[in-house]
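Shared between the two complexes below is chain A, which has chain B as its partner in the first and chain C in the second.
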Partner chain A sequence: MNGLMKWVKDGNKEQAVTEVKRLMDRGETAEHIITQYIEPAMDSLSNKCTAENFNLLEVMLSGRAVMSVMQTLFPPGTEPAPTKGLVVIATLEGDVHDIGKNILKTILTINGYHVIDCGKDCPIEQLIDTVKKEKPFAIGVSGLISSVVPLVKKIKPLLQENKLPNIKVCAGGAALKQASKELLNVDFLAENAFAGQSYLDAVWTREQT
Partner chain B sequence: MNLTIINNNNGIQEHAVIPFAKGQYLLKILNTTKEHRVRTGCPGNGSCGLCLVRIIEGKPSPPNQNEQLQLSEQQLASGVRLACQVICETDLSVEIINRIPQSVWRPIPEALYRRASVLPYPLRKRHFSSKEKPTRTCGVSIDLGTTSISLSIFDLTTGQLMTTRHGINPQIKSGLDILTRVNTAAESPDKGTGLQQDLITAIRNALLDISVGDGINPGQVSCLVLVGNTAMLTLLSGNNFHHLLHPEYWAKPVELQLPDTQEWAAQWGINLHCDIRVIPPLAGFIGSDLTAGILATGLLEEPGSLLIDFGTNSEIALWDGKKLWITSAAGGPAFEGSGVSCGMPAEKGAIYHLSLKDNRHSVIGDTRIAGICGSGLVDLLAELVDLDLLDSVGRFNSSTSNQFFHLSDTLSLNKKDVDLLQRAKAAIASGIQILLLQAQITPKDLKQVFIGGAFGYHLNIENAMKIGLLPLIDPEIYHFCGNSALSGCEKILLQAGTQRQLTRIKEKFSIVNLAEYQDFEAFFIENLFIKPMA
Partner chain C sequence: MNHLERLAATIKFKKTDRPPVAGPVFGHAAHLSGLPLHKYLQSGRLLAEAQIRAYKHYGYDITFAFFDVNVETEAMGAVLHFRDHDYPYIKQEALSPDTDFSGLVLPDFSHAGRIPELLEGVRLLRAEFADSLPVAGLVLGPFNLACQLIGMENTLYLAVDNPEAFTGLLDFATEFCIAYGIAQIKAGVHLPIVFDVSASPEIIPVAFFREFELPRLRSVFKRFKAAGAIAGWLFMTGDIKPILHYFPRIGVDIANFDYCVPPDAVKQSLTYTCVNGNIKPLLFEYGTPEDIDRAARELLTEFSRRKGFILSAGCEIPLRARPDTIQALVNAAFESC
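Now for the complex of A and B:
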């Protein structure tokens, strides 16, 4: 495994940034660095993160390393435009734990999605207002505590009411994972952030054809 | 059709046959019996993964999606299934892997039961006021916990302990955690009443068990004190539990609004004029079990005293001489053995100590190994890191068998287990650090640290410090205080002057809400590392 890939997978932010600077000095382009090192590293992590092998700290450290690499490649103001569609994400009202949502945000951003984050403890009205205004192709909600279940159930009917029936809803997080997608009335129930990303990838690809 | 239960009791095979009608769920059939029940933590929808059985003979419905998610390939291959998902179409032979212990109420094991350190008692005077009644009167103290209920009964004329009991909280069938139960109770008045009645019935059964087992007439009970977490107390009162679903109430007082307790007295068969005292909680997530623990440990007697009451939610209290800082850390039940594939509660058959280096382990009850309880899991993590088999991030060394550590043929720790333990540890450690920061006390300034909860009793403090669950300080200042909630409750029952102490706690406490704490996430991530606390 090449150096940068290893540092990203190990979540070693400092080494990853040092290595990316060296590659840039050598004249490698940002695009090349992303496709040759970063994406394979994330793919490899994603393949490793099955239900039995997920480790929060490992994923967070890799996510941070990738974010630092991206900031090194694209200093503020020079970020490339997202290549894929818009996703609105939120942790709903009553839940103030948003580590899961933040991981999803990192992974989606790295993969070229435009992500609008409604934050934690987000009232459902605010989520729907944002969706009405921004017209995303999908919504991602993450919940750690079971009191948000009734709110998640309301999302689809509210989208219907607002004549936005085609927006896909993807849910994840410790509390929601215990339920079923039928009970939650969502389109997809993700085991973890990577599963959420694969689902969105499939939907996005389908919508492009 | 017939269901044959095969029970391997210390090497002796026992069989029992239960007739059933074709097409039923296995869990439902098992639940019709008293002695062959399996543990559950959800309403039987495949989400908790606890109702493990092994199919030995017969052809049940094939494993469904829920089972494929909950069970490893290895388990599925060896016939392990979730009883709640198995539909019985033919005669079956099964082994119940995760049994519910048969008799629900048992005396609290000597080792886990520490009487309140208040003897000799300046006994409460009013118990002796009745001149015309020379008969014995008794007092009961009860700690209503999410997982288990503990009680002790005293002869109030002498202050002598008569006996103790503890048992599983029957509400467990409606969910393992507090929020699931409160959610259920809030769904309909019937469900709320059902959960309330679960608690009332449990107390009645415990008193009945004492009456049968120890010959103590419940009619002699003239005083009863109850403590518990806020969810249990509001579910018992039948009022205001729905507030707990809203985070804004977690750090706010919650009124109990008790109904007429004489009705409870009637159901419990105790003296109808019994003085029933339910000690109110301090806030939505700070119950009177913590108040009682603070009382029992005399926390407010020495500045620099810390109390950690381990549980699914661990309550932490720190006295700095002026303020009593309190928080609750939602670490989850990993240290109680729940959710961890090789985990189990600190019960018979649990490994409570282990050393890989010395190839030694100790088992509760010296019986066949059934799993590893919290203290054993702490030892295991510490040893794996020590031996370089696991790194501080929680990754198994690539030279070891990939994503598992096999302790034996049946016990293994996978990466997800390590992750769960890391999260539990990180939540508690962050709570401790944030309280210390609020009080401006450094770990080194701590004078005494009390460890409560069943998990604490067998805990190897050195290993707990190594993995960063507890602050790295002089191990001598750590004290195990057992079920401090029950000890404190006993103190309220028996000792004069406790009302003044309860008032003082109420005046001095200040709640830190970790969920709203600005830097919580930074603390949490730092504490996910398996290494001594910074």
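Now for the complex of A and C:
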């Protein structure tokens, strides 16, 4: 594994930034750095983070390292436009545990998605209003406590009611994972953030063909 | 055999009249009593009354004196937002990553936040049940408390960015955990459960657990037993398979295991450690009594030859669980002689 990939995977943001500066000085383009180093590092982390081997600290550190690299490659005002579709994410009302949602946001952003984050303790009306206004191709909801289950169940009917039946709903998080996608009335129940990203990748690719 | 004798025998893998069964029922007791949760969570008397009522309703083998996971951090100055139907959340953390953790002092438990109320609840429960029903308290483990004090993301980053400060925070959390647990023992609990779900391998790597948390947990359980706890009970959730084998050397006598840990893994790693688990908590809210009965009987059969097993959910029974599902859990244990 080359230097930058290793530092990103190890979550060492200082070394990752030092290495990316060295690559830039050598004349490597931002696009080349992302496709040759960052994306393979995240793929490698994704492959490692199976249901049996997921570790929040490692994912958070790698995510932080990637964000630092991206800020080095693209100073404020020069960020590239997202290359994939729009996803609206939220942790629903009653639940203030948003680490899972934040990780999903980081992973999706790194992978080229445009992410609108409705935050934690988000009323379902606010989520649906955002969806009506922004027209994403998917919604991601994360839940650590069981009291959000009834709210998650309402999302699809509310999308139907608002004539947005094609928007996919992906759920994840410790409490929601105990349920089935049928009980939650969602399109996909993700074991972790990477599984959620894989699902969204598949949907996005399908929608482009 | 009374409930306490049944638990004590089970911990030692001795013969019992039937397997013990624990909810664990925490805030659900308020729901069962029709109490607004925020009132229950701020009154030792209401906690004790609701827990007594819940025990009389279900007949399980352990009662729990526990408000919520924010009691300790509130005692250290965190600002909480209480709600009618859910546990409170932290509006303002007690400390920040920039705090000088070496200068922290323990609060006076007779005045700190809701701790006096909790200890009053313990006293009332012990007065009611004496030595017939185990009264279990609950304290946050060092890593879990560190996360509550400054936030989980801050704690994880601090561990990597400033290991010295992180160690200071963890040492303070350990000191708090020991002192609070001993205060609960003095107030009357038979044992304080150590709740350390944030130290799960799904959150921190195994080597991190072994290096930082294991020695601290060991000293916590040692001190609790020296203070009179009848056993060391560790409560972790998520996939804890990679760290199960450490538990005996930590001093764990009872280990909670969640629904995602198969009984075989537990039996393999914890040959002589009593375990409790592992029905999906959500099944108590969205399943049926038949679902619970089936899952409970499978577990009882699984552990019937091994012994050392307490039938329970893999984590807290949800606040709005269906009472008939909890009754099904208890009935399964009663019918398994």
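Definition applied: the second predicted complex is superposed on the first by the 209 of 209 C-alpha atoms of A that agree within 3 Å, B and C clash if a C-alpha of one lies under 4 Å from a C-alpha of the other, contacts with A are read in each partner's own complex, and residues count from 1 in each chain.
In this section, a contact is a pair of C-beta atoms (placed from the backbone, for glycine too) under 8 Å apart; a residue touches a chain by one contact, two chains touch by 3 or more.
In this text, all values refer to a predicted model and were calculated from it rather than measured experimentally.
S.K.: Assess the superposed three-chain arrangement around chain A: do chain B and chain C clash, or do they fit?
M.R.: clash
S.K.: Where does A:G11 make contact in the superposed view: on chain B (first), on chain C (second), on both, or on neither?
M.R.: A:G11: touches chain B and chain C.
S.K.: Classify the contacts of A:L158 with the two partner chains as first (chain B alone), second (chain C alone), both, or neither.
M.R.: After superposition on chain A, A:L158 lies in contact with neither partner.
S.K.: Can you list the residues of chain A that meet both chain B and chain C?
M.R.: On chain A, the residues that contact chain B in one structure and chain C in the other are 11, 52, 54-58, 60-61, 94, 96, 99, 121, 145-147, 149, 178-179.
S.K.: Under the touch definition given earlier, write down the residues of chain A that touch chain B in their complex.
M.R.: 11, 51-58, 60-61, 94-97, 99, 121, 145-147, 149, 178-180, 191
S.K.: Show me the residue ranges of chain B that touch chain A in the complex, using the header's touch definition.
M.R.: 42, 45, 47-48, 69, 72, 177, 179-180, 183, 245-247, 393-395, 403, 414-416, 418-419, 422-423, 515-516, 521, 524-525, 528-529
S.K.: Give the list of chain C residues in touch with chain A in this complex.
M.R.: Listed in rising order, the residues are 83, 85-87, 89-90, 152-153, 156-157, 159-160, 201-205, 208, 237-239, 259, 280-283, 285-286, 318-320.
S.K.: Mind listing the chain A positions that touch chain C in their complex?
M.R.: Per the stated touch rule, the residues are 11, 52, 54-58, 60-61, 64, 94, 96, 99, 102, 121, 145-147, 149, 174-175, 178-179, 183.
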